[in-house]
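Presented sequentially are two complexes of chain A, the first with chain B as partner and the second with chain C.
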Partner chain A sequence: MADINITVDGRKVTAAQGTLLIEACKSVGIEVPSFCYYPNLSLQGACRMCLVKVEKMPKLQTACTTVISEGMTVTTDSDEIRQARKSMVEMLLGNHPLDCPVCDAGGECELQDMTFSYGAAESKYMEPKNHKDEQQWSPVVYFDRPRCILCYRCVRVCGEAMDVWALGVQNRGVSSIIAPNQEDHLECEECGMCIDICPVGALTSGAYRYKTRPWEMKHVGTICTHCGDGCKTTLGVRRSDTGMEIVRGDNRDKSGINGDFLCIKGRYAFDFAHHDDRITQPLIRKDGRLTPSTWEEASALIGKRFADIRDHQGGQSIGVVGSNRTTNEESYLLQKFARIVLQTNNIDHHRTADFPAFAAGVTGKPESTASMRDVFNAPAMLLIGNNPSEQHPLLAWQIRNNVRLHRARLYVINSQEIKLRRQAANFVPIPEGTEGDVASFLAGDDSAIDTAGNETSDALKPLRDKLRSEQNLVIIFGSEIRGDDISSLVKFGSNIPGSKFICLGDYANSHGAADMGLYPNLLPGYHSISDIGIFHQERGGEIPQTPGLTLPEMVESAKADKLKAFYVVGANPVGRLGLDPFSFSQGFVVVQDMFLTQTAEIADVVLPAANAYEKAGTFTNTCGDLQLLKKAGEVNGTKPDFEMIVRIADAMGFDVRKLVPFGRGTRADMGQSRGAQAGEADRHAVWLEAHGLEPKMSPFDPMAILDEIQRLVPGYDVSRMDLQAGD
Partner chain B sequence: MAELVSHPDEVRVVSRRFGQGATNLDRYLELDGYKAVQKALTMQPDAIVNEVKNSGLRGRGGAGFNTGMKWSFVPKQSAKPKYVLCNGDESEPGTCKDRLIFEHDPHAVIEGTVIAGLAVGSHTGYIYIRGEYRYLLEIMQKAIADAYARGFLGKNIFGSGYDFDVYWHGGAGAYEVGEESALMESLEGKRGIPRIRPPFPAVVGLWGGPTVINNAETLASIPHILLGGADWYANLGPPKNGGTRLFCLSGHLKRPGVYELPMGYNLKKMIYDVGGGIPGGRKLKAVVPGGSSTPLMTPDEIDVPMDFDSMMKAGSMLGSGGVVVLDDTTCMVKFALRIMKFYQHESCGWCIPCREGTDWLKKTLIRFHSGGGLKKDIDNILYLSQNMLGRTFCPLGDAAAMPTISIVKKFRQEFEDHLEGQPCAFEKESKIEQLPVLA
Partner chain C sequence: MRFSEQFESRFAEMLTHYPTKRSVLVPTLLYAQDESGSLSDEVIKEIAGRLELTELEVRNVISYYSMLTTHPRGKYNVQVCTNIACLLRGADELFEHCEKKFGVKHKGTTADGLFSLEEVECIGACSWAPAVQVNYDFHENLTTEKLDNVLDEYRRK
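And then the complex of A and B:
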């Protein structure tokens, strides 16, 4: 589109045709205040804060509804304009309760900020303010009408952006009120977007209200641990006698890949960290019962037993299970520990999507994986399987808003009537379990969907033709499609110019766990066990040459009394995968977890683990984006899995420097873990690295192993600076 | 049913058929009814638009935009259906003209709507009638049904091959819906809140289609223009202000009522001659010249021709033709309060200045009138009104601000007289209801 030239406050500004004046001003750093204007939501022109002077117009104009035109001359600051804004704030404050000292939004309130910038100290009115009692709309949403300034952001974000439409406006004039569309309560996903977007304290969170003041919290921007999308959530953290307490989660600075978005999980689901059932001491089975113990005793016991079993029965009699929720560094370290220290390839994890097949499919096809941003900007999207509205809320948000704002075409093939069909240009229902057949059909095998019935094939044929005529199509598929079907889908996509893929994994670091080689037959980066050269050089340790056992094979092996030790890190195969708890009754079982899970209950030693909000490291989201976890704080008595693995290796008499390349010649203090864990060492890393210095002072610093990961795993060679910045 | 009045200076165009039983379709036909639309069916659309443009007809709702010009903005080709809307949501205090048209001559509105449809290439018209005019809705329903029965509406109207449907719609009681874009929202079944413009209705209107929206009086004038000719109509009024207008005279007058007078008729003459002057030997204090939203005029300002341009020059507005006369028994503070109560009640609440401004003005004026006023309140009332003026989302804020500003400026002394706990001089018996909260 052609560029338009305008003059704002004497400065030349050039912006694309169709740009709103308020955005054009913002692009050169000229702030035009607003309450009701919100990027990517419908225009309101209601708050009248963005009034500016446009030459040749008799009245002041709202910058949020004015589209720039060639030669436009605009003034954004003059006595008239300041007076207009001041009077708007005055009128708002007239009925505002001014209960800022007890308001949750105090200190984070746009009305406060606006009053500070434009308002007047004088109170002009003496009549009683209009009052209405506070209402509770849902367990987490409270509404205080007197504080509401009627910017309608909540109504729009709920309806337009979330496609939930739970809020509306009732009454008129000064009695206007935001109200749930279901009388007195919200029927919604409880995403909390309305609370987040509220510029004042009218909508407050039931989970957070009246707990603290915003300036009394530490705000830690980290990655949500609940699904594979990798949203940034900012945790509000206070010190407490248990170490730390997370008071809230929100989308404070909107700087993550999720932009404005955060779902119920990222916003509220942090309370597990403070659950009463959390283990905060190592437990050792004594006389048949798990008994509290010390780290020293636990490490020594595990080290001794693991070393014994390895040395006498061989590494192949030890099984290791990794996690979808530990960091990349931990997963990498775990498989390295298993292969070099325990001398076993018996390592697996709870697999969701078939990432190895996907990686094989797109190898040699650069630019073939899509990011969340690509989803928002793609002209067309194909979704096969999965239900992003529930399993991948950010992805669903990106899809919905791409359709709404860019009129992108969405094609949905699913066995369920998923909610995203409402945005779909085409929705083709298919019988459950035929997703893979659909992939083959798309790739050209017409017979693949014969079993699905005529109706399905009649609907799929025109859809395939339509898809073939698309460009830059983003193809999104869930874990229903595996193995050869993924290759078929990739084959289909490679005939569509510019097409990209997203393979959806279920958990926060499913993609990372796969990339880090938590497989019995694959090394990090999906290198085959036989393709071991580079790893030998890098590791300086011997890796067993034969593929190990998968998780089900480990169970069989344990039943046959061949598997003598079972090391489970952050997983619950007994509870989640229905693994027979008696299989391991003869073996030595070590579990690292937050809770006494069904797996932990059969363990001989249970180590209390920190969760992802309590450690530093990196996660890889389902699109393959590498992101930094920031440590919110520590809960007394727990340790990150990274440290526990290193301690066990140490207790086995292994030279931990070979495991974690820290220090490079400098001697480090094994006790100094706090700073490193908090990512402090890494903040210096940028500077130190730039000066050729070595910052990794501790073997517990996960960043010490990130270099190795970046060298060995394709796609991880992200600059440390970008990683810090979250780009 | 309203009583009809008359005066020798009247030039009856729109009101020609008033009181003659024209609600009956046969009677309407006898009185040249539906001749204009048959003529229009033989004309090119551009010719109709030009005829209306040349007649100098300006929107009778109050804004006074040239009607033909408005029609010419509708694109000839449109992917979406085009619509013609008749704005009969007459709610401006002091205005009661559309009511007479609907009561006495509903077919003229229908005919005007069809002609507007022919001019812009639309096939659907909506006649939106104020909800409180319940009994007029029934008249309109019957008129539409009769016209359908004769083939004047529906498929192939008058055997011309042109299809045109007309629907009626009753409002739900909101002054704001008289604003054209709010009316379209209301018609679509949403809250009556104005839309952001541009785009203007001529391009994106009802259900996103290009839309012509005209006041009922404007549309009722169209058939007469087509039959009488543009020049005839234009020459009835001064330049650029074609035709006649229904003036609604009310307040302290001997002969209040709706009179059809040529545009440019002298306001003073209208009050003293047509309206018969002030009863009871009282003196004139102020005049609301064009509905409650127009700035008030003092007796020395009223020697002006009542047309859009002259009134603008005189510092007020012609507005909707509602002339309200106030004699010297009127308390201007109370009058300001009465107006503000109306606007506070009718504000849709969409934008801050109108929602909060009208409410604070009302609250302040209530206290002020009951004797609780402080000196700074006078400036405050002015300050608030001036900060609403020109800054609201739609003209309702201006409508509330303009008369208030003019009252405070022109009758400041009356405000001063209410200060310091003094009871209203015009209501000697009245008690002070509320004392100042702060000294």
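And then the complex of A and C:
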């Protein structure tokens, strides 16, 4: 699009055609105040804070609704403008309770900021203020009507952006009020977007209100731990008796892949961290009962038993279960620990999507995975299976807003009438369980869906033709599609120029767990265990080469009394996968968890684990985007799984330097250019040097393992700078 | 929920005029109100369903327009303009007269259900101020006596 040149406050500004004046100003750092304007929501033009002078136009104009045109000359600051803005603020304050000292928004309120900037300190209004008591609309949404400045941001974000349409405006003019959909309460998704977007303290959150002041919290940007989408969240934390308590979560700085979006889970679900049931001391089974103990005693016991079992019964008699919620570093470390310390390939996790099949399908096809950002910009999207509105709220948000703002085409194939069909250009219902057949059909096998009924094939044929004519299509599929069906789908997509894929997995780090090799037959990066490759070279052949047992096989093995030890990190296979708790009654079971789960209840040792809000590391979201976690909360007495694994290795008498590359010179660099040691330079040190990174100084520093992951796992060598910046 | 055939044919016709269904909301509400006297919960639900809107959206629109009401009105809705032109020519007096005569205030309805009273903004009859609108009919250049006659006519109808 052609660029337009305008002059703002004497400065030349160039911006694309169609740009709003307020945005053009922002692009050169000129701030035009606004209340009702909000990027990516429909224009409202209600508050008149953004008034500016446009030459040759008779009256002051609203910068938020004015589209720039060639040669426009604009003044954003003058006595007239200041006066206009001041009067606007004065009017807004006319009925405002000014209860800033107790208002949740105090200190981060846009009305306060504007009043401060424009100094509408005195008021001409003598009339008594209208008062109305605060109302509770839902467990999380509270409404304080007199504080509302009628910017309608809440109404628009709930309707347009969330597609919930739970808020409205009743009456008109001065008597307008924001109203919930059920007269005196809300029936909605409780996402809290309306609360977050409210410029003042009119909408407040049941989880946070009257708890603290914004400046009394520390704000830590990390990644949500509740689904595979990986929203960036800024957690407000505060000291408490038991550590650091997370008081609220939001992403108002719009950093990260989600902008300011968070769903109900990301915004409110952190109270589990300070739950009374949290384990805060290691527990050891003594006389049949789990008894509080010390870290020293617990590590010594685990170290001794693991080493004994390995040495006398062999590594194959030990089983390890990893987690979908631990960091990449922890998963990587766990499989490394299992393979080189415990000498076993018996490692698995609760599998969700078929990531190995997906990885196999897209190998050799660079640029074939879409990031979460791509979903917002793609011209067309195909969604097969899954229900993103519930399982992947951010993905659903990206899809909806791409359709709304960019008129992207969405094609939905699903066995349920999922909510996203409302945005779909084409929705094809299919019988449950036929998603895989649909993949084959799309790939050209017409016989694949004959069984599914003619109606479906009648609808799918034209859809397939339409899809074939698309470009840069993002193909998103749920875990209904697995194995060969994934290759069919990839085959179909590969014929569409520029198409990319997203494979949907359930938990916060399911993708990472898979990438990091929590499989009995696959090493990190889906490297087959039996192929000699980079990992074997690194370890000088210390990795056992026969594939280990899957989780169900481990259970069978335990029942047959062959599996003698079971090490479960951040998973609850007994509760989640319905394993028979008595299968392990003969073995030595170690569980690392936050709570006394059904699995922890059968353990011989339980170690109190920190959750993902309480540690540093990285997560890989379902699209494959790698993101950094920062430590926000803390519960005294717990430790990250990373540290526990290292401690156990140490207690087993293992040289932890071989496990975690820390300190200088993991492997001696002999410094010889010739002779016996030539070429045996410390590969890790060389890699660090080449990437401008320092060696890490502690065996408990997960970043040391991140270095190794980036060095060895395909696809993970992303720029550290981008990672730090959250891009 | 049943509307008259006339309503249905008008509704079907209107739908063809606009690219989106919601565009016919305001006239639909007016026609529905003409038929049922007011917009009950049932009517709101029906119309929201037909136009694929939430009930909240329909309520928002109703609350925006003073012509639309969710409360039943009297048979004759007496709307006294008290905007500037009429005000200057004695509208206040007319309004107070009505208040006394009916024994009700703004937006009230007489006990026999015959008359409702409303104070409204300019109804576009400034040249013949003061003006009063009863349902869809205008009565202009009024005095209290003239207004009495007009109202008596309605009572006799």
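One rule holds in what follows: the second predicted complex is superposed on the first by the 690 of 727 C-alpha atoms of A that agree within 3 Å, B and C clash if a C-alpha of one lies under 4 Å from a C-alpha of the other, contacts with A are read in each partner's own complex, and residues count from 1 in each chain.
The definition used in the following text is that contacts are C-beta pairs under 8 Å (C-beta built on N, C-alpha and C of every residue); 3 or more make two chains touch, one makes a residue touch a chain.
The structure displayed is predicted, hence computed values, not measured ones.
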Clash-or-fit label for the pair chain B, chain C on chain A: clash
First (chain B), second (chain C), both or neither touched by A:G45: first
Partner chain in contact with A:L150 - chain B first, chain C second, else both or neither: first
Partner chain(s) touched by A:G94 [first = chain B, second = chain C, both, neither]: first
First, second, both or neither for A:A84, with chain B first and chain C second: first
Partner chain in contact with A:E127 - chain B first, chain C second, else both or neither: first
Partner, of chain C and chain B, that touches more residues belonging to chain A: B
Contacts of A:R172 with chain B and chain C, given as first, second, both or neither: both
Which superposed partner A:N181 touches (first chain B, second chain C, both, neither): second
Chain C region in steric overlap with chain B, selected from 44-52, 98-106 or 116-124: 116-124
Contact residues of chain A, present in both the chain B and the chain C interface: 169, 171-172
Complex contact set, residues of chain A against chain C: 165-172, 179-181
Residues of chain C defined as touching chain A within the complex: 54-57, 59-60, 63-64
Interfacial residue positions of chain A with respect to chain B in the complex: 43-48, 51, 58-60, 65, 83-84, 87-88, 90-92, 94-95, 124-127, 130, 149-150, 169, 171-176
In the complex with chain A, residue positions of chain B that touch it: 174, 176, 191-192, 196, 344-353, 355-360, 363-364, 367, 380, 383-384, 387, 390-393, 436-438
